[in-house]
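Here chain A shows up in two complexes: once beside chain B, once beside chain C.
Moving on, here comes the complex of A and B:
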């Protein structure tokens, strides 16, 4: 195994790993500060923040150091590479670079959105000097308030790392951003009339190591140290980007992509980034309802859940195929499992169907060239299948029924009047059922609807159970390639709503509080396709369920 | 010593020296067929054995550079000719291109034959309009005469020369900046490795050579290695890493001299000899205070160091960065070094490409400090700050991607260490050599 020495500590790197000095040092927990380098972008080595001393260990054990400092990002770590990042020479170089970066930086941290998660702050604190020696006026560059619908540029804060420029060239391919002017007067700008409005535009805000590029959506909303972050998964499409949900006081303020090589890499699309707004919609269902002949007769959770349970029991006893459930591809694997196993326990012939899988257009691959043609290698894909867990729900359904019944077939059966009770799980914020489709349930005696937004089917509902959005729930979703990841609860839902798993937990008369990991071990033990759910890696970056990819999947 | 007969400049004073007819009348292209029938490696060896070092500034051995190309590379190999002569005070390439373009073209053909390249890009500084017209005409003449194009002189060797005009940036003279600019991009120098000889223009192996270097190649092939080695300074026996400074060199003398000139002399002439004998002495009967040995990025020689030999190793011995482009700029004793240094810094700050942090911010900061000194608002400690900034911009080469940062830092280090007394007097005397109008211009 190739061995690299970092500040006197040896570390082994994989024979096929192509690491630079920054990555090799990170393996022993040594941070080499860098601005322009980003693992998903090309190397330009221009910020000169990562300068380190590098040498080679010769076969006879002697070490030959290079006389000059070299950028760690550009220098590959090979067998015998010796990296020194704590010498006085390196410290002086960092101090000088930080002083240069701060020369024309406005130091408006009190009003800057980035403060608190700013690399310029962090590195200045750790490696910089405490005061400025600049006695001259700073360069003043005008802010560019519109460089995209979602993005604003504080030009004077920019440290010219060019990460954003490289992102639009290399990942989105749209090349809207570039450097204009020269020397200390250079600025990031767009071509007039070509704003940064590509579907991945929001990523430049995350990439910006300082507060130059800001998201208009988040601008001046919160100080970042007020926010509490939860690792979760974006539910906007079947790509299943790893994200962090940042919330304060039960209110979500932003979603940020979380680097996960197993999932999407480092980025996420704007549709997902800004797609959580329905969580705080004033349209949310906020109280449970039990209706008889269209009249609300109860708003008490316990009573309604008990009534729904009794109705399902009674109907199942009346006829083996008279109960049915629609399992939405927005449910987590645990929720689908609890509901499906409950219905099957009531009646082995209970009908289970897959909810509508919304597919919009075609998979959108990036980068694209100026003509819109996809350029290989593909670095990011926004998937057409706009639901997070079709694969997971399908795996659960396949465990109980041989063929997964599509939603249309269930509608047909419902309209024939076959069912006495149906349990409908919604969850698609863009609506999952039309007026016409909802009519199919007019003949069903008991219609239990679990959803968080109003839909046409509520008209026929006898039991309405307001549920939670993805930021209010915990459970596993399985993405397009069978990667199981955990979404976590980051905020409490509005008063009167309950997370889906709790509703189902109480419906099925399980005791105590909801424990999703108990359900997961239950599933892992019984469903071979989902056996990976017991893997502890699930809580980190997810588990690839090879068998969870059903044949013929999109 | 007998008077040196110019070789590179042998023809420039002849009437119509730029035409093909006159060049051929003087024996030009006469042995081209013979050289093109030689094996490319033999040509490379001749250049290598001659000890020719690049005339563009860094003084890298030309033949050695050519051998860095990958062996048996299947795709195209390019030659890029660096005619983006923009170091202040340098104008030797301009003479060569305007007065004797065919000497250069023959050098290009020979170099391309040696490196097995079929396409050469001549990157010409935008401001050189006359050079452009002369070269353009010369290249057309060569195509018409079968000296360029397909099957040159019936030897089966093909070569096209593309004449490309830059857009006016100092950084385009840096070899990878030049390559980026040729590709149509912003002239941001590339990180090395890979060096251009491995991956250069259009990601293909590329050799970048200076105009004067290629003219020397022509002369070496016609006159032989012995002739070339008889001129100049042999290697220093005490320094095993010194390959010597052989051959003629075009020295450009400008600044405060009676007769600014571009003169061809053997490498190793002293600065004093250049000023006194070739440029007519310092103007107005004054004395020299400082001399730039080879373009402002190389630093300054003080009046006590005028006997420094201007070969590749000489200026380095007295604290300068190197010979550079051998552009000697003379500063007389009536001139303030503060103003000279300010001018240098302002140029470098204007021309910094802005890619690397130390160069982008450091050049601008040094300019601002000098502006402050010139307006009389400074303290002696500012000199130490200037030295520290200059130190962190180029502690050791490699702090930045290209050499501009070192070149910007060097005149500051040299001027303050060699003329510190003058700077201190200037600051203590609260003197200001800047008028209020200049102050306004400096700020805006």
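Moving on, here comes the complex of A and C:
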């Protein structure tokens, strides 16, 4: 095994691992500061922040150090590499680099959105110094308020690390950004008439280590130290990007991608990044309803859940008509399991169907060249399947029924009057049922709808159960390649709504508070396809359920 | 108490013995009557005739807040929300907005600035946190309102307090800082050394030519 020495500590790296000095040092917990280097982008070694002393251990045991400092990001760590990052020489170099980077920086931290998560602040605090020696006026360049629909550029704060430029060239492939002029006139800019509006544009804001590129959506909304982050998963499509949900005061302010090699890598698309707004929609269903002949007779949760349960029981016991449930691909595995097992326990011939799986266009792969052709290797994919958990719900359904009934088939059966009671789980923020399809349920006696936005089927509903969006629930979603990840509750829903798992928990008369991990261990014990749910890695970066598939495929 | 526990700088005194006169208590009674008689003949009032007469307050008194205006009469606040962060009573709510293009020196300003004067504990932390000296506490202490919402001071009300107090000698505008705190505008450069420490043995440390980095007596040397 190749051995690298970092500040006197030996660390073994894998023979096939291709690490640079920053990554090798991170293995022993030594941070080498860097601005321009990013694990998902090419190396330019332009910021000079990661300068370290590097040497070679010769076969006879002597160490030959290189006379000058070298950039750690550009220097591969191989067997016998000696890295020194804590010598006075390195510390002095960092101070000098930071002083240089801050020469023309406006130091407007109080009004800068990045303050609190800014690498200039962090590194100045850890490695820099508290004063500048610049005796001339600062070189302040005018801000560019429009470089994209979602992005604004504070040119004066930029340190020219070119992460954003490399992102648009290497990951999105759209190459809108570039460095114009040279020397102290250097600026990031767009090509005239080509704003950064590609579907991955929002990532340049996360990539920017300083406050130069800011998201217009989040600009001046909150100070970042007020935000509370929760690790979760984006539910915009079946890619299932790992994200952090940032909220304050029960209000979500932004979604940021969370680096997860098992899932999507380091990035996320703009559709997911800005696609959580329905969570705070005015249209949200805000009170449960029980209706008789179209008239609301109760708005009391306990009464309505009990009545829904009784209606399902009565229909199952009478046996004249069947009971059915539509399990939405927006449900978590736990929710699908609680509902499906409950219905099957009431009546073995209960019908379980998969809700409509919304597919829009084709899978969108990146990077693309100027003509829009996909360039291999693919670095990011936006899936056409716009629901987070088809695979998980499918696995639960196949445990209970041989072949999963499609939604259209269930609609047909419903319109023939075969069903006495149906439980419809919605959850698609873009709507999941049309007026015409909803007509199929007009003949069903008991229609229980669990959803968070109004839909045409509410007209026929006897029980309306307002549920939660993905930021208000906890559970497992399984992405397109079988990676099970946890979505976590980060905010409380509006008054009158309840998270889906709680609604189902009370419907099925389980006692106590909702414990999704209890349900997970239940599922893992009974469904072989979902046995991985008991793996503790689920709480970190997810579990690949069908380990046959390679983890690296994006 | 043990002998060792007695400190050298502690003087121990014994209760004085009562003499004959003291044990009759007559001198003590006379002393008391003297005080009483003094109050009987003294007619000087001690009651403050508030509100007809206003009290003299110390200069560091912390009363109602104000939002200062800058030299162009715009609100000085830059909506950085440092005061809201520093506030221990959580009484400041700010909504920021991007500054209009006519204000090239600003990135943002407060669209709404609401300070709950009832919730405030008048500790002055907001004043200390403000990087542009926009929020200051004045000498106004007689704060009244007909409802709780009357005492939710918004941006206009707080600017109104500034207009009322700007010429008051007790409430001078205490601005002494730059555009965004001391770091953003160096008026005087600190006399400090080079960023990189050059070892004394280094050739460049000894050269007498211009532009040489020296390490004598400065920070960063070895």
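What we mean here is this: the second predicted complex is superposed on the first by the 544 of 554 C-alpha atoms of A that agree within 3 Å, B and C clash if a C-alpha of one lies under 4 Å from a C-alpha of the other, contacts with A are read in each partner's own complex, and residues count from 1 in each chain.
Definition applied: contacts are C-beta pairs under 8 Å (C-beta built on N, C-alpha and C of every residue); 3 or more make two chains touch, one makes a residue touch a chain.
Bear in mind that the values here come from a model prediction, so they are computed numbers and not experimental data.
Asks: Is A:219 in contact with chain B, with chain C, with both, or with neither (first, second, both, neither)?
Replies: The answer is second: A:219 touches chain C but not chain B.
Asks: Please indicate which partner A:522 is in contact with in the superposed arrangement: first for chain B, second for chain C, both, or neither.
Replies: Touch status of A:522: no partner.
Asks: Let me test your reading of the model: by the given contact rule, A:111 touches which partner, first (chain B), second (chain C), both or neither?
Replies: second
Asks: Touching A:88, do we find chain B (first), chain C (second), both, or neither?
Replies: second
Asks: Which partner, chain B or chain C, is in contact with more residues of chain A?
Replies: B
Asks: Which partner does A:159 contact after superposing on A: first (chain B), second (chain C), both, neither?
Replies: first
Asks: In the superposed arrangement, which partner chain does A:133 touch: chain B (first), chain C (second), both, or neither?
Replies: both
Asks: Look at A:349 in the shared chain and tell me whether it touches chain B only, chain C only, both, or neither; answer first, second, both or neither.
Replies: So A:349 meets neither chain B nor chain C here.
Asks: Please work out whether A:179 is in contact with chain B alone, chain C alone, both, or neither, and reply first, second, both or neither.
Replies: After superposing on A, A:179 lies in contact with chain B but is clear of chain C.
Asks: Return the residues of chain A at which the contacts from chain B and from chain C coincide.
Replies: Shared contact residues on chain A (touching chain B in one complex, chain C in the other): 92-93, 96, 133-135.
Asks: Taking the touch rule as given, give the residues of chain A at its contact with chain C in the complex, in rising order.
Replies: Residue positions touching the partner: 88, 92-93, 95-96, 99, 106-112, 129, 131-135, 154, 219-221, 223, 225-226.
Asks: Help me check something: in the complex, which residues belonging to chain B touch chain A?
Replies: 169, 186, 188, 191, 349-358, 360-365, 368-369, 371-372, 385, 392, 395-401
Asks: Which of the residues in chain A come into contact with chain B in the complex?
Replies: Within the complex, chain A contacts chain B at residues 43-49, 51, 67-71, 74, 92-93, 96-97, 100-101, 103-104, 133-137, 139, 159-160, 178-179, 181-186.
Asks: Which positions of chain C touch chain A when the two form their complex?
Replies: 78-82, 85, 96-98, 106-108, 131-132, 180-181, 183-184, 186, 189-190, 192, 194-197, 220, 222
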